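In this document, chain identifiers A, B, C and D correspond to the written order of the chains, with residue numbering beginning at 1 in each.
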Amino acid sequence: MTGERIKQSFREAFRQSLREALVRDERVFLMGEDVGRYGGSYAVSHGFLEEFGPDRIRDTPLSESAFVGAGIGAALGGMRPIVELMTVNFSLLAMDQILNGAATLSHMSGGQFHVPLVIRMATGAGRQLAAQHSHSLEGWYAHIPGIKVVAPATLEDARGMLHTALEDPNPVLIFEHARLYPVEGEVAADAGPVDLERAALRRAGRDVSLIAYGGTLDRALEAAESLAGQGIEAEVLDLRVLRPLDEAAILASVARTHRVVIVDEGWKSGSLSAEIAARIAEHALGELDAPIRRVCSAEVPIPYPKHLEDAALPQAARIAEAARELVRGG
Amino acid sequence: MTRDALRREVLEALAEIAPEADPASLRGGVPLRDQLDLDSMDFLNLLIAVHQRTEVEIPEADYGKLASLDQIVAYLEARQPGGRD
Amino acid sequence: MTPEAPLAPRDREHALRLLRAMLRIRRFEEACAEQYSKGKIRGFLHLYVGQEAVAVGVIECLTADDAIVATYREHGHALARGIDSRPLMAEMFGKVEGCSRGRGGSMHVFDAATRFYGGNAIVAAGLPLAVGLALADRMQNRDRVTVCFFGEGAMAEGEFHESMNLAALWRLPVLFACENNLYAMGTALARSESETNLCVKAASYEMPAWSVDGMDVLAVEDAARRAVTAVRGGGPLFLELRTYRFRAHSMFDPQLYREKSEVEAWKQRDPIPTFVARAQASGALGADDAARIEEEAAAEMVAAVDFAEAGHFEPVADLARHVLFEGGAQ
Amino acid sequence: MPSLGADMDRGKILEWRKQVGDSIARGEIVVLVDTDKAEIEVESFSAGVLEAILVPVGETVPVGTPIARIRSAEAGARPAPKPVTPPPPAPPAPQPAIARPPAVTPRELPPAPAVASAAARPHATPLARRVAAELGVNLASVAGTGADGAITREDVERAAAPRAAAPPPAVAPAARDRAAAMRSAIATAMERANREIPHYYVESRVDLANAIAWLAATNAARPIADRVLPAALFVKAVALAAREVPELNGFWRDGGFVPASEVHVGLIVSLRQGGLLAPALRDVCEKSVTQLMADLRDVVARARAGKLRSSEVSGATISLTNLGDQGAQRVFGVIMPPQVALVGFGRVTEQPVAAGGLIGVRSVVDVTLAGDHRASDGHRAGRFLAALARRLAEPESL
């Protein structure tokens, strides 16, 4: 590690990790709508068509079920495909292939076939794209045995998760929160692959644990800062991996602070935050000095106007308020 | 700083560590740790406070010479710019 | 396009091979019906009786290295492809000795050794998979063919149109083998498709398409050989095999959707006796060959049922095995 | 009665298509059956003559019930099956449930009578319940200040401190209440500790020559604010030794020893107004001596200034008292429940020591281990003190 750090946006980080993957292994190829000529709807694969050619940078027709199924088939056939579903909203058209195909094949075939496939998709709201383009459905996929689900929320993870995912013999879904693409920060110039098992403590604190992932991590950190101003030290845990959940890290955090707020951009009912709350209640009940709190999206289709969208989404202020309530016993 | 100024600094530092210490009743010649409830942590914090207030360097080897209030003040005075020693 | 003079078997060995293949399928399926009525086979069971000529004729033209993707009516294809009748019957019984460890059952037969990528209970879900397998072969310059069997009912699914378009757009070596048995479950073709000439559908994707009498194994084989030759190293091809299933769609539907007379009419064109007559007329088969092969097939299926009966249920402790890949580096 | 569908468990005979004495070919329709879903023609899988009809038209029987008997023809078209060795007795395959469970549609039960009033089961957080159990506090008498009015741990600790009878020394009232509360909370713990914990003591004299030399060299190179006290070495050494002897690092709860996965060292800190506090330094094994020294100074300063958070006063997995500072040669401490061990450091003194046949003068310290005999024994304590001595002999590795 040269130790040298550079300034980079998440978009550039994802692009670099994608490019390195294509250079590293000729079995790797990218397939998805507008990934080639147009350079990716979020410009993540900009310039790749010229560099790697149309065989490995494959624009597809608007046939999510077919090209995700084709990705599964190509993985079975010895390739290492990266399928880009432009956003999680369009993944609904490929849900059968992901669930009944990729996730189930190994178990159902008695272990004869496995599907080394990576599917990347943008997720989340916050850019006034209205209900059909603003879903956060990571929790749906994290419900399915047979696949891994990860959510990069830092530049290191944006640079490193794809590398590890491509080496995984099982299907891996990477959710890239749409709000993060333009966000810039500092990262090691030679940042490499990262593990896909553990959650990461992003901020230490004694009084309350804020558990977040993907697009909600920055909100949780913002809340922690404002809490610090009021003498409340909040710990922030970045899940990083949504399936399998790093249960040990979650329970250890609760054992340290005895109070927990779970932040999830999905709708509260049946969400990933519900699963985490259940596990805490099952395995760390004796550590709880206050009820478990969850801050999620309001249970409404995400509205178009900014002020309504903001009101619907989990914001730092609401997170801080929930945490303060637990600590102060308000 | 004059001897009295040094003495005042040391007493103020001591007050932070041991608020219950009454400066008037303190005897300058008797080791502080025999008059007050100071453990090694308190004594270290006292020396740090004195160092910060007077900017006098106090190597660990000299701790032994600083048991009483008078000894501390004398030690500081000797290390004032243009002072003796 | 229909062949001019009626075809004859090339030689005795060819005739014996085709007859044995069809008879083994027929007896296997009848054994399944019997075991189903005895409660040994549960769930859904879709039998191939009547359509044997399609699987045998097409698979006769494949190499060991080609790939097959089939549907939930795949026992015939599995046997024709060389999967042993004992593990196949054990799979029907849900035993761990089954070809999918007993986990798939009738609709999910898998065999890695013969590149049999399975049954599939979701109509048309196999098509994108086949496209992907062919894409992998194309990208790795391998001269392999992927045959995708499906019923005419699949043509109403979006995945059919998406897959046909993708295969044609990228010139992939896929043989789309449509077994048109006139009924999609209980719906006659005319009541589910605006265009009932299936080859016309294929033409809209600039894909060559032929229609073949699926009850004549020699006609099927002749067409399949030319189709496979065209597809190997080339683009996709659509084959409509007009055939008919003599039994219910699945175990014991009351078949109210078709007349008994229609079933009887098609039974006159049963692919097995019609082939035997022609083979005897051409001198390829002797008078007692059919009876001998009939006996061998029946005995084989009694042994298959005994093997399945003697099999074991997978220990519950292995329930979670193979959810994820268990092998080493891949 | 054949199984005629995935969800069929009984069938009704509608019409016999064959009569007794008729011959039957394989696949021929024998009977028409109603399966609640449809009327299905049932074929025979064997050829022969219909010998007997066992279930008349109109009757419903479960799947698997014999409904007719066919005498298979001798010269049947089917080949007599080759003598097959009888398959090993198959394990009892799960038979489809023949007997139909009585169709009971669940009735809606009337709501249970209202649970006893809240007073019976006070509204307290799980952690508060646990601490209350440990400190022997009756929750019913505690007022809750937590979320939704729940009783929290702090409420319990406060409740564990009955008003101190003795006139408080001249200290600000707020500080006086907090100090009194903490002092008597510890007093209750001490009573309980002595009542419940069977203490045993093991003591050894530890050579500090290397440690003292290392401290002198390290501190010489550091500004006064960064200098390290022996206590920091002791804390780290105790943590590392505790990790080697897990029976001393954990809690005695509900009649059993619960080992702790990490090591948090409780510091017995004497307060200026008297009384003790035992803040915990967390994850000590992972921290450097310099970090520990900084934590030590911070914790002690805040403890004495009454600014400790209650969350810091718990969670210790083993405790340490450094009374040598006060001149005590040896310390025989009382274990802080629910912990199971307390390490006592006496005064660091120079003593004559025989080593290699020669008498020398070396800095030493008498270390005692107070152990809970329910969780560990003298042998484990001995191993702990040996590990401690080894660690202190290599200060650079701490």
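To be clear about the criterion, contacts are C-beta pairs under 8 Å (C-beta built on N, C-alpha and C of every residue); 3 or more make two chains touch, one makes a residue touch a chain.
None of these values were measured; they are calculated from a predicted model.
Chemist: Among the chain pairs here, which one is joined by the most contacts?
Modeler: Looking across every pairing, the one with the most contacts is A-C.
Chemist: By Cα centroids, which chain is closest to the centre of the whole protein?
Modeler: Checking distances from each chain centre to the full centroid gives A.
Chemist: Roughly how far is chain B from chain D, going centre to centre by Cα mean, in whole Å?
Modeler: Each chain's C-alpha centroid was found; their separation is 50 Å.
Chemist: If you average the CA atoms of chain B and of chain C, how many Å lie between those two points?
Modeler: Inter-chain centre distance comes to 97 Å.
Chemist: Using mean CA coordinates as chain centres, what's the gap between chain C and chain D in Å?
Modeler: About 55 Å separates the centre of chain C from that of chain D.
Chemist: State, to the nearest whole Å, the distance from the C-alpha centre of chain A to the C-alpha centre of chain D.
Modeler: 30
Chemist: What chain-chain pairs meet the touch criterion?
Modeler: Every pair of chains meeting the touch criterion: A-C, A-D, B-D, C-D.
Chemist: Applying the document's contact rule, which stretches of chain C touch chain A when the two form their complex?
Modeler: It is residues 67, 98-104, 108, 110-112, 117-118, 120-122, 125, 127-137, 139-140, 146, 158-159, 162-163, 165-166, 169-170, 320-327, 330 of chain C that touch chain A.
Chemist: In their shared complex, at which residues does chain D touch chain C?
Modeler: Where chain D meets chain C, its residues are 2-6, 27, 35, 38-40, 42-43, 45, 63-64, 78-79, 81-82, 84, 87-88, 90-91, 93, 95-96.
Chemist: Spell out the part of chain A that touches chain D in their complex, as residue ranges.
Modeler: Where chain A meets chain D, its residues are 206-207, 256-258, 285-291, 325-326, 329-330.
Chemist: Where on chain D does chain A make contact in their complex?
Modeler: 125-128, 130, 144-148, 150, 152-153, 282, 309, 311-312, 315
Chemist: Sort out for me which residues of chain A touch chain C in the complex.
Modeler: Chain A reaches chain C through residues 29, 55-56, 58, 60-61, 63, 65-79, 81, 96-97, 100-101, 105-114, 116, 145-146, 169-170.
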